[in-house]
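Two complexes come next, and they have one chain in common, subunit A, joined by subunit B in the first and subunit C in the second.
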Partner chain A sequence: MDFYLGLIQIIGVHTLLGLSAYCVLLTGQVSLAQAGFFAIGAYVAGMLTVLAQWPLIPALAVSAVVAGAVACAVGFPALRVKGLMLVVATVAFGEAVRLFFFNFTYQIQAGTLHLGPHGAEGFRQIRYFPEHGWSTLDVVLFIWIVVALVMAGLWWLDHSRVGAVLRAVGEDELAAQSVGINITAVKVSAMTVGGFIAGIGGGIFAHYTTHIEHAQFGVVLATFAIAYPILGGLSNVFGTLLAAVFIQGFLIEGLRFMGDWRNLLFGGLIVLAMNVRPRGLLDAGTTRALKRLFAAGKERSGA
Partner chain B sequence: MLELRKISKHFGGVRAVDGVDLAVARGEILALIGPNGSGKSTIVNLICGLFPLTAGRVVFDGADITDAPMHARVSGGVARTFQNIRLFGQLTVWQNLWVAQNSGEQRRQSFGRRWFGGSRGARGEVERTLEFFDLAHKSNELAANLAFGEQRRLEFARALSAKPALLLLDEPAAGMNAEEIDQLDNRIRKVRDDGVTVLLIEHHMELVMSIADRIAVLNFGRKIAEGTPASVQANPLVREAYLGTPEQA
Partner chain C sequence: MRRLHAALAVLLAGSMLSLPGSALAQERTVKITGFGAKSGVVRVFGINSEAALKAAAEEINSKGGVTLGDGSKAKFTVDFLDDRCNAEEGISVMRRIASTDAFVAVGPTCSNVAESLFGILQKKVGDASDSGLQFPIIADVAAKGGLAKISEWAFRNVPSEFEMYKSLIAWIRKEHPSLKTMYGGVEKDFAHSNATYGVMKSQAEGSGLQVLGTSEWLLNDTTFSTQVRDMKRANADIVAISAHPFTTCGVLKEMARQGVKPKLLIGLTSSSSIETLQGCAKQAEGIIIPTSFAPVTPEAKLAADQVAKFGGSADLHSAAAYEIMFILKDVIESQKIMAKPDTVQADRNKMRAGLAALKETKGLLGKVGRTADREAIKPYLYVHAKDGSWQVLHKPTL
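Entry: the complex of A and B
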C-alpha cells in the first residue's frame, strides 16, 4: 500500500513540474530550466522549515516566490534567444543551479545533529511531516489539493484572455507583435509563473523525500519536465496530468518487472505515443469528443 | 498624420527603399503602387517597425516613432495586415480578435477585466467587428480552418480590433474574386468614413482607382509620382515603370 501512496505522491509532484513547463511551452519556448527552479524551491522550503522552523505553507509560499523571482530574472536575458539557443541557455542555467547546490553548505548545530544543506552530501533530515505527525495519506491528500489548486488556476488562466495571448505568442511572434502584444513581457511572465509553480513542486518534493541532493535536479529531471506537457498535449492542463500518470505510473513503475529492458521499452513507448498522437495524448479533437460525450450524457439524464 | 522623412532601407547593397518622402493626411485613402520589388511592402514594414531604418525618420501624429518597438506603435494607433496572411491558426476566430485589442484606450480598461474575461465593452466590440466582416457565424472556428477569403477578412478585422487611427493594408485583394473585391472596396470606404486613415498597397488597379483619394507610385525604391488617380494615370513616368520605355516595347 505504501508503495502505491508513494507513487501517487511522485505523480503529484511531477505533475506540478510538468505544469510549470506547460506555461512556458504555451508561448512556444522550450525551457530546460524548470529543474533548476524546482531545486531552488526544494532547498528554500527545506531550509525554512528545518533551519528557521517555519510552518510548511508559508515556507512553500516563499519558495514559490523565490523560484518565480529567479525565473523572472533569468527570463529577460534567456528569452532573447530562440529555439535551440534557448534550450542550451536554459540547460546551462539548470546546471549552474545544480552546481551551486553541489557546493552550498549552510549548517547549524541542533543537539548532536548538524542540520542544513551540506554540499555534495545533500540536505538530510527534512523531517517536517514526521515531526508534525502527518501520515502518508495526509501527505498524499495535501499534495493533490495543491495540484488541484494549481490546475484550477491554470485552467482559468487558459480560458481567460491571458491564455489566448500566450498561445498567440506561441504561434507567431511576429503577428503577435503586429497586433500590439509585447512579446518580451508575455514570455517573461510565463517564465515567472512557471518558476513559481516549479518552486511549489520543489518545496513539496523536499518534504516528502526528506533528503535532497544536487544530483536529483539534473538534466534528466528537466527533460521529464518538458516531456509531460509535450506528450500530454498543449490543449489543456489535463494532458500534462495524464502524461505524468502515464510516464511515472505506467512506464517507470508499471514496467519495473522487465528489469534492465525497461529503459529501452520506455524510450520506445514514448516515441510510439508521439507517433500515434502527434498533438499529444489529450489533443483538441479528443477534448471535443469527450465534451460531446459529456453533453450527450447530460441531455439523456436530463430527459 | 503620418510623415515619412527621407526614409531609406538598404539590405546589403540592395536599396529597397531609397530616400522616400511621403505624407499621409488624416482621413484619406492613400494608395501606394508600383511594380513588384519596388519597395512598397518594405515601407509598410518600416512604418510598423518590423526592422530598423537605414536613414530617415517616421513621424506619426507629431511624435517621432522611428525607434519605437512594434507593439508600442500598435497601441499608439498604427495597425497593419500582412501580404501573406499571418493569423493565429490554432486560435478561434473570436480569439484572434480578442488578443488584438491593444489600443491605448483598451489598455486603460481595468487590468482584471481586460486580461481575465474581457469587459462587456470588449466583447461587444469583437461581436460588432465579426458582424461587419460577415464572420459572426464562424466565431468558434479555428482560424486555420477558414477558407482563403475568410482568412483575408479576418486579417483585416484583426488589424481593426486595436482601433487604429492609421491602417496599413498590404495587398488585401490578392487572390480574391470580383465579388470579394467589391465587398472589400465597400469595407475600406466604411472604415475610412468611421475616421480611420488608410494606406493601401495594392496591385489591383480597378480597386485602387476606385477608392484612392491620392496615389503614390514607387519604382526601384524611389517615389516617381504622387497625385490624384487621374494625374497618376496620365503620368508618363508611371507608364514607363509599368510598361517599359517605348524602345524596349
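Entry: the complex of A and C
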C-alpha cells in the first residue's frame, strides 16, 4: 500500500509541474524554464523549513511567491522572443538556475550536523514530513489537496474571460492584439502563474525526496514539464493529470518489471501516443464525447 | 457446451495431478532484492552488483543455503530493480520493495539516491514521533562519506575513502619525497567524485603537498581540452583525478594528446575497474588507486570468477555486494529470522538489530570492521595499471 501511496505522491507533484507548463502553453509559448522555477521552489521551501524552522505551508507560500516573482522578471525579456528562440532562452534560464544551485552553499551548524545547501553535493535532511509524524497517507492527502486547489483555480481561470484571453493569444497573437489585448501582459502573467505553481510543486518535491541537488532540475525535468500538457492535451487541466498518470504510473513504474526494455518502450510509447492522439490524450473531441456520455447517463438515471 | 465441460475437466485433472508434485518440489526461498543504476552512464555498476549478488547467492545455495529461525533450510533468490540513478525512482523502488515480504534491501548505486532514500527512513530507531520508513537497507556502491549517519536503518559495506586516501597520500610522501606539487581534476557534478576530491585535496594539503589548482568537468562531458590545458600549464608533479571510468578515460586520453605527463597519477576508487582498462589501458598506465578489492586471496579469486559467470565484473563495489550476501546469511541465522509473511516487521527489526550489532564481518580481503555509525572499515591496498591489468602495488599495514 505504501508503494502505491508513494506513487500517488509522485504523480501529484508531477501534475503540479505539468500544470505550471500548461499555463504558459495556453498562450502558445513553449517554456523550458519550469524546471528552474521548480528548483527555486525546492531550495527556498527546503531552506525555510530546515534552516529557519518554518512550518511547511508558509514555506510553500513563500517558495511559490519567490518562484512566481522570478518567473515574472524572466518573462519580460524572455517573452520578447518566440518559437524556437524562446525555447533556447528558457533552456538557458533553466541551466543558469541549475548552475546557481550547483555553486550555492549556505550551511549552518546544528549540533554535529551541517545543514543547508552544499553546492554540488546538494541539500540533505529536508525531513519535515517524517519529523512531524506525517504518514504517507497524510502526505498524499496534503499533496492532492494542493493539486485539487491548483486545478480548480486553473479550471476557473480557463472558463473565465482571462482564460479566453489566454487562449486567444495562444491561437493567434496578431488577432488578439488587434482587438486590444496587451500581449506582453498576458504572456508575462501566464509565466508568473506558471512559476508560482512550479514553486509550490518544487517545495513539496524537496520535502518528499528529503534531499535535493542541482542535477535533478536539468533539461530532462524541463522536458517532462512540457510533455505532460502536450501529451495530455490542452483542452482542459485534466489532460495534464492524465499524462502524469500515464508517464509516472504506467511508463516509469508500471513497466519497471521489463528491466532494460523499459527505457526503449518509454520513448516508443510516447511517440505512439502522440501519433494516435496528436492533439493529446484528452483533446477537445474526447472531452465533448465524455460530457455527452455523462449527460446521457444522468438522463437515464433521472428517467 | 459438452466440449467446454470436457476441457475444464481435463484442466482440473491436470492441475490436481500437478499439485502434489509441486508441493513436494517446493522448498523455502528467501528473496533478496537489490537495486541500483542499470541504465545511463553508471549502469555498469548496477549490472556488476546484480551479478555479484546472484553469484554469492549461488555460492551460498550450493553449500546448503541459509538456516531460518524455525530451523528449516532456504535458498536465496535475487531480484534486482533499476532506479536509473534517480532519487525519485529510488524512493519508489524502495517503497515497492518495502511493500513486499522483504526484510532487507541491498543498494543503491548512486550516492544522491542513497541521500534521499536514507532520508525517508526513520532517523532513530524507536522514535515514535518520526514516521519514517522502518526498513533496513545496506548499501554496496554509494560511496560518498558519512551517508549511513542519516538513519539508524541505513548500513553500508563500502570502504572509507577518507582512510584510503589519507594512507595513500602519506605513502606517496614517504616513497616519493621529491614530489612537491599536485593538480586536481574532478567530475564536479557527481556527489561521490566531488566529495572524494575534497578528501584528496585536504589530505594533500595536510601532508605538505602544494595544490596548484583544480580542473572541473561534468559526468556527461566528452571533451576536456580546456581542463587539460590548465593542468598542463600548472605542470604539477602529481595529478589526482577524482572521476569515474568514463570521464577518467576522456581526461587521460586528452592528457596524452596534449603531452601532459605527470610524475605520478592518482585515480578515484571507482576507476580501479575493468571499464577503465577497456576504455584507456594505455593512457592509464601507472595510475595508482586505493581499492578494497583485488583478486589476491583465494576467496577473492573465487568471487571474481563467480561474478564473471553471471555477466559481471568484480571490483570494489560488486565485491561489496558479494560480501553483503554472506553478511545477510549470517545475520538471518544469528537473529533467527523466520522469513514468513506474518513475521515481516519482526524480521526487519531483527535484521536491523543484527546488522547494527556486528563488530566484524568476513571480507574477501580479510576481516572487515564495523563502526558504531553503521559503516565498514575495510582492508584495502593500492593497485596500479600495468600492462593492461590492475596489479597490486602496495598493501599497507592497517
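One rule holds in what follows: the second predicted complex is superposed on the first by the 303 of 303 C-alpha atoms of A that agree within 3 Å, B and C clash if a C-alpha of one lies under 4 Å from a C-alpha of the other, contacts with A are read in each partner's own complex, and residues count from 1 in each chain.
As a convention for this text, a residue touches a chain if its C-beta (ideal position, glycine included) is under 8 Å from a C-beta of that chain, and two chains touch if they have at least 3 such contacts.
Note that this is a predicted model, so its numbers are computed, not measured.
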item: Touching partner for A:A92 - first (subunit B), second (subunit C), both, neither; value: neither
item: Partner chain in contact with A:L51 - subunit B first, subunit C second, else both or neither; value: neither
item: Partner chain(s) touched by A:N182 [first = subunit B, second = subunit C, both, neither]; value: first
item: Touching partner for A:S160 - first (subunit B), second (subunit C), both, neither; value: first
item: First, second, both or neither for A:E253, with subunit B first and subunit C second; value: second
item: Subunit B versus subunit C as contact partner of A:L141, first or second or both or neither; value: neither
item: Touched partner set for A:L269, first subunit B, second subunit C, both or neither; value: neither
item: Contacts of A:L174 with subunit B and subunit C, given as first, second, both or neither; value: first
item: If touched residues of subunit A are counted for subunit B and for subunit C, the larger one; value: C
item: Contact footprint of subunit A on subunit C as seen in their complex; value: 38-39, 81-82, 84, 87-89, 91-93, 95-96, 98-99, 112, 115-116, 119-120, 122-123, 129-133, 144, 150, 188-191, 194-195
item: Subunit A - residues contacting subunit B, complex; value: 156, 160-162, 164-165, 167-168, 171-172, 174-183, 284
item: Complex contacts: residues of subunit B adjacent to subunit A; value: 48, 50, 69-72, 74-75, 79-80, 82, 86-91, 95-96, 98-100, 102-103, 114-118, 158-159, 161-162
item: Footprint of subunit C on subunit A - complex, ascending; value: 1-7, 10, 102, 119-122, 124-127, 129-131, 133-135, 208-211, 213-216, 252-253, 256, 259-260, 262-263
